[in-house]
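Quick heads-up: structures coming right below.
Two complexes follow with chain A in common, the first pairing it with chain B and the second with chain C.
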Partner chain A sequence: MTTTATETAAMPVYPKNFLRSLRRQNVFTAFAGGIVGFLVMRVAASLFFRGEFWHGDSNRIITVAFIGWGVGFMAGIGAFNGVFRWFAGKDLDHAEAEYMAGKDLGVKRYFRYTTDHKVVGIQYLVVTMVILAIGGTLAMLIRTQLGISMELFNPNTYNSFVGTHGVAMVVGMILVVTGPIGNFIVPMMVGARDMAFPRLNALSLWLVVAALIPLVMSLFMGGIRDGWTVYQPLAIQAPPGAVGYIFFIVIFSISTAVSSVNLLVTIVRMRARGMTWSRTPIFVYSVAASVGLALPFFPFYMYSQLLALSDRTLSTSFFIPERGGSVWLYEHIFWILGHPEVYVIILPGIGACLEIMVVFLRKPLFSFRTAVVGIAGIVALAGLVWAHHMFMTGWAPLAGYPFMISTEMISIPLSLIVLVMIGTMWRGKVWTRLPMMIIYAVVFNKIIGGLTGIFLSDVPADMHFHGSMFVTAHFHYMLMGTGLFGAMAAIVFWFPKMTGRMFDERLGSIGFWTAFVGFQITFMAMFAAGNLGMPRRVFQSSELFLLSNQISTVGAYMIGVGMLIFLAALISSWKSGVIASSNPWGSQTLEWQTPTPVPLENFPVLPVVTSDPYQYGVPDPYQVERDLETQKEPVA
Partner chain B sequence: MSQDLDTSPPPEPPTNRPLPPGDRLGTFLARPYVKHIAAIWVVCTLIWVPIAYWLAGNMGAGPAASKLMGALKETVFVFTLVSAPLMGFVLAVILYSWLGWGRVSGDEVPDLKNPAIKGNPIAVTIWTIVVSFLAFFLVTWGIVEYTVVNNYAAGSDNPEKLQPLEVHVTGQQWLWSFSYPEQGGISSETLFLPHNRPVVFKATSKDVIHNFWIVPMGVKIDVNPGAVTLAGVTPDTLGSFPIRCAELCGMHHAFMQTQAVVLDKADWNSWLASMGVTS
Partner chain C sequence: MSAQPETNELRSPTTGEPIAVVARRNLLGVLLLIVADVSGTIVLCMSYLYLHYLNTNKSWLPEGKESLWNTTGMNITWPGTVQPAVEWHFWAISGGILVLMLLFWQGVRSLRRGSSATMVSAALIVTLGLIGLSVAQYLQVRSFPFDPTDGGYASALTVIGISNFLHLLLSAFLAAAIWNRTRVGRISPENPYQATLVAVWLTWITISSVILACLTFFLISPSTDPTLFGTFGS
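Our next item is the complex of A and B:
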């Protein structure tokens, strides 16, 4: 990030006319454009639908106003420049494209529509942190209410906290590895100069930002009172603020599709010379699997919300039973996304753990093929299990049999990945740095999440656990304990490459282990509450569950403190950490073979790959002994 | 390199025959870390026994109030114990990796001289077989137990083969109401049930989705607007049990609770009489 005088002097002279408008556009003009678009469309909709200059909120008016926000924001950031230029027959010239890629290397490029994947990665990191911070704050409020027996919030406010917490965390978790690490590291890991479609890359990021504002606004307009699943027809009762959720999901789904195509094409087409599939790092596989799942399944989420929006604004009745709609229809469309989404979240986290542990154990991956088979198995089964969320809906009791079978089958590929993890640890001295320590925590959480998942996949056991706090604790073990903690390992690990500085591991460890202990307290107590029979998403619980809820709340505060310490470590190391060398971990993947800070196009000379990136360790003495006994050539 | 190896049998004269599989297993088991991990494994597996008892014992905060709930408790108990060895093994390996095989700290990239183990077909095969077998067991248990539970719900477990009592369950924001069509359509906001007689619940909702959950009886079914869903149970314990809504249904979802009261024959008849039903 250091701009030397010579670099500035060598900057090309841009043509004045268009560049001036390009230069003026940044995140501030985007917000200005968004606000103008929102207000103009708000007034226009009021006049059109009600004949008044400013009518109060209604579904139609808010929908139109949000569309105005989205278009205004994207126009303000400059997302349409290229499109207009292309329609006009004059695409960006070289100097303009270089300006868009952030050739000037200034700080300002982080605040505008920059196509460089490294800038987008950092932007994603910050946006994800903001989303997780929103979700985390709401979690603290939720736990505070549940830990005391008096009424702290209005129940509707509480319900909207629960809903917003859910959706913010789900989206934050989807982004937290694939966004920052996927965009910053994956192109370098496969030896490319940038993503396949750099402008789409910037588009996917700014779409998320554009979508985020309506979600936050909805909190102040009645909120999402129906959980992140927004089951119909309850959601129809919610005030117009719920349109913010719909808008968020629709735009986020588009962003996901754009980003997925981009990553998939980059991974499939742009790997360095010699990087065959058997030499491609396992993290790249897991990201490909994750976005490969997101691409076909996210549209279902979008459909479900578009149909719900249509019920709200166009008087249709897809999900309104008294007018012939079906509540099961919504549940199906929602969960066809809803379960693959879990794998979209945890696969990159698990892949990152596999990639990282190799470096700290200085051993090759125990079995690369087994890991790939495990990931492929999860992808293959992910789309066939959604109805286990609907065992107790009365939709089709006999369908419990096939969905129970398919769900329990997923434990086989998942356990293959666990085998690779423990096989890689087998007989290895360990270099005890923070990312590796986090991985132990991740494997532990994965065991607990896996066991409780077995209960929930089984219809008879689910008859007790469905809809209880037990489910909440289970998916927090999977999404937070495995996904988020895995992401924290990934962030600490790739931090030196992304920021040029080492992560403060002392402070980071204190933060992480505080959060880890708090996590166990919170969710073990929540398992207990759910097992006793406490339903999910309740505002207050009976005396019976008060103790376990109080324990949970204490644990949750510990998580909060731990996460804040971790965040402080992240920010302070980013500002003033020890300057990192280009390869502080001695890793063999390509992104570490280029200088830090990373030059604009990543590699001075494109690398050629001659082996897989796991050439660690010395020949296994037992193996040598065995080979001698069987008169084979010892493996080198 | 030889001090790394602690093969207990004395070295044999060189031969070009492979070691018999039994000997290989013997040399494997004789390695010290294998013994240690085996010991930790046993401990880590045994931890799950009290957890299984605790989980099954506290399901629904007390003893089962129907045979159906007993079957659910049994399932949770068995599943925990069956998966305990596998979880215990993973736990043992990560513990041993953390503490047992040695560790190095510091900023410099260390040269750990770890063995480059790349694949072990035997381990992968054994693991896959064990996990598949476990999954097969879970699926089979699930299928059998689900059938049993469905039979219980249909009233197969009542001793005198009585006709099921039909109860209509209506959910609305935010209260439950129950009506008894065979008893002249009397209705109540507390669920009264006769002891040891099968009950069939026909549930529907007036507004949004609720979930009808009699916690200690293991009855749980979504209550949907525009559809009737079925559940059933034979209560075999006298007493009063909580009913909760287990599907977010709006503002007062948390308070959408009532009681299920199981009455013996005399009390049941006197309750019916108090409601104006002559039997």
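Our next item is the complex of A and C:
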């Protein structure tokens, strides 16, 4: 199909009415639909609730309006078309499915309800970067305030910056590997033509976009004052910005459930012929583990917020002690998700590092089995440790000890993975490209984050550390130092496949190492401030902490500059980087065995797998070393 | 794609794969979505039981409305007696769902045996039945002899009622879709899998509503000397 003539001849005839509606729908109609839905429902709610709730209680009105937003937005993008067509019995034929996958649509397909997993992956990358940019900007504002001794913002604004920063970053980090890389790469890595449920894939992406608006709007409705954990009973007393938080989380949770199901089914049911579990790449395991945790646990987060919404709008009292509720109930429900969530975040990042280092060290994983056992161990224990966030809440003080033990136990599988990483490096011949260099940084940060976690999981020590900047520094080593940096390695590594161009590693390295040094300065100083006793989430603190805060702020600006340089490298490489060959790293996993740019259905013929993807020479590292010495350029 | 039709095996119009492959994939998808919904049911149970056992501020049961539970003159002890005003409604609705679920499975069975007719009428009855039950569920929540403001028990029951209501509506939509799709021949004895998926979903809905109805056994809190929070304004 090279000539235009044959192409036109091959163009299928689409049923008129379906395509007419699809053609018209894109991100603009989505926003229009959302705004109309919001306004209509808002007015309707004001009229309906006027008698009872006109004064003061705008919670119900905003709730109804946000429902209008969500429904209008999803209708506007075309999310319900498929549902109604299914109801009516008009299933898609192959040509319609290809149209929905964005065939022959050019750039336009990125602004639509497109089902091709590669388009969804790119959309996720952009959306995630927007979320991280929002969170990052707020971080700069927060650090600016903490580094000086005068008031830049009023306390409420400051608090809402902290809360919004926290929740935006947590969500951004959940998405950053699984969204872009999970969607773009995983189906190809397992040798499938698309995800198991392409339309659900588009649904999960556009739900994230829909969720963002309530988050942004919350800033103008009193903000999220009470941290990303929005503890009760503060949250119930907070201004209606809290409703924005609730909708952000509820919509995002639905998106997470949908995309988790999609990835899990793809991984379990759609692996290429011959890809047994022992031949499945470790990155696929880590994504499966991550979404496998998100699927059962995220509903806890969603329900914690739905019950909070019910307290606000229906005047129930789940979390209001005066009327029979309990704030511990909130904390339990929240942290039953909240802890597994940290593994949801770092597992894909760590899995990507394992996958990548093999390629740059040209030897098999030190022990594939141990890595799998480590991942499985984390999954098995993740749901049993949540109360380490509640040691100091007064809830059942004696129950702290079993949770201390389970928390310390979960360091074991995590350490197994670190050991596999170090073991793989051992006697490996490094090909010093940017993704590999980032992995060294990740291992460093992960060890610091993990060790300080053990301090925190010790009940007596946590009496001192709880609620302090030490906790903040701990989880930034994990979330940012491990999760985000790991994601950066993944993005640089898979960039050639996703965009068809090589990542500018010179500029990228400058950006990354600037951010890395800034990171150490910021958070080492923050450990110090925390250990001195500086509480987290405070607006102005004692002179005692000023010096470490100033150091942290300087470091934070360095991170900011570094990240901007990295972003510049990303954008310029995307626009005008060196054109990449189909397998520039000489990797053996399936996604690299298909042409770049990747054809619509990924593989001309579905691959059959005959070995694991880590057969670099022979498994004996000494042999690999000898081979590499004679080869200079790594060869697959 | 090289869709090599081996004999007359049915293939998906969308991807050209054999229907059996798509069916297996979709079954796993539905089971996993049910896993997520199971977590929701667990949260509701956990909230009910947590507040039940704590009885914070002595506000588990509606204040001044204890008499409600004495209208039958029975002495209430754990596991308690089923009370007409509130609880039997839950059981009646659960029973209704159970019957509809069995009816739907009956339709699926006859579909697999080769006849679409039973499936069409079963799905129609189930749809109407589920709509009826959601109306009943709505009326039940509206006629609770307490307000949502009346403490932990009132809060939990209100939200459980709403959760049931939404599940019923969703299920009614699914059953209606099966009715229509079977009617127009999209679901047929050769291709019955979507009806099976909805039957699986209805089975879970039944289990969930029975589990939630069982909560009403836990009425009087064993915590007789709970933490008090005074009566400062809200």
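In the analysis below, the second predicted complex is superposed on the first by the 594 of 636 C-alpha atoms of A that agree within 3 Å, B and C clash if a C-alpha of one lies under 4 Å from a C-alpha of the other, contacts with A are read in each partner's own complex, and residues count from 1 in each chain.
One rule holds for everything that comes next: a residue touches a chain if its C-beta (ideal position, glycine included) is under 8 Å from a C-beta of that chain, and two chains touch if they have at least 3 such contacts.
Since this is a predicted model, take the numbers as computed values, not measurements.
With both structures placed on the common chain, the touch criterion links A:Arg85 to neither chain B nor chain C.
By the touch criterion defined above, A:Arg23 lies against neither chain B nor chain C after alignment on the C-alpha atoms of chain A. By the touch criterion defined above, A:Arg279 reaches neither chain B nor chain C. With both structures placed on the common chain, the touch criterion links A:Ala196 to chain C but leaves chain B unconnected. Touch counts on chain A: comparing chain C and chain B, the chain ahead is B. Contacts of A:Pro321 after superposition: both chain B and chain C are touched. When the shared chain is aligned, chain B comes close enough to touch A:Tyr401, but chain C does not.
In the superposition on chain A, the residues of chain A touched by chain B in one structure and by chain C in the other are 321-322, 325-326, 328.
The touching residues of chain A, counted against chain C in their complex, run 86-89, 91-94, 96-97, 193, 196-197, 257, 260-262, 264-265, 268-270, 295-300, 302-304, 306-307, 310-311, 314-318, 320-326, 328-329, 332-333, 601, 605. Put simply, chain A touches chain B in their complex at residues 155-156, 159, 162, 225-227, 231, 233-234, 237, 321-322, 325-328, 361-370, 392-394, 397, 400-401, 404-405, 408-409, 411-412, 415-416, 418-419, 422-423, 425-433, 440, 443-444, 447, 450-451, 454-455, 457-461, 463-464, 466-468, 528, 531-533, 535-542, 544, 584-586, 614, 616-626, 629-631.
For chain C in complex with chain A, the residues that touch the partner chain are 1-2, 13-16, 24-25, 28-29, 32-33, 35-40, 43-44, 46-47, 50-51, 54-60, 147-156, 158-159, 162, 173, 176-177, 180-181, 183-186, 227, 229-232, 234.
On the side of chain B, the complex with chain A involves touching residues 1, 4-5, 16, 18-19, 24, 33, 55, 58-61, 69, 71-72, 75-76, 79-80, 83, 86-87, 89-91, 93-94, 97-98, 101-105, 107, 109-120, 123-124, 127-128, 131-132, 134-135, 138-139, 141-143, 145-146, 149-150, 203, 207-209, 211, 213, 215-216, 218, 220-222, 224-227, 229-231, 242, 244-255, 257.
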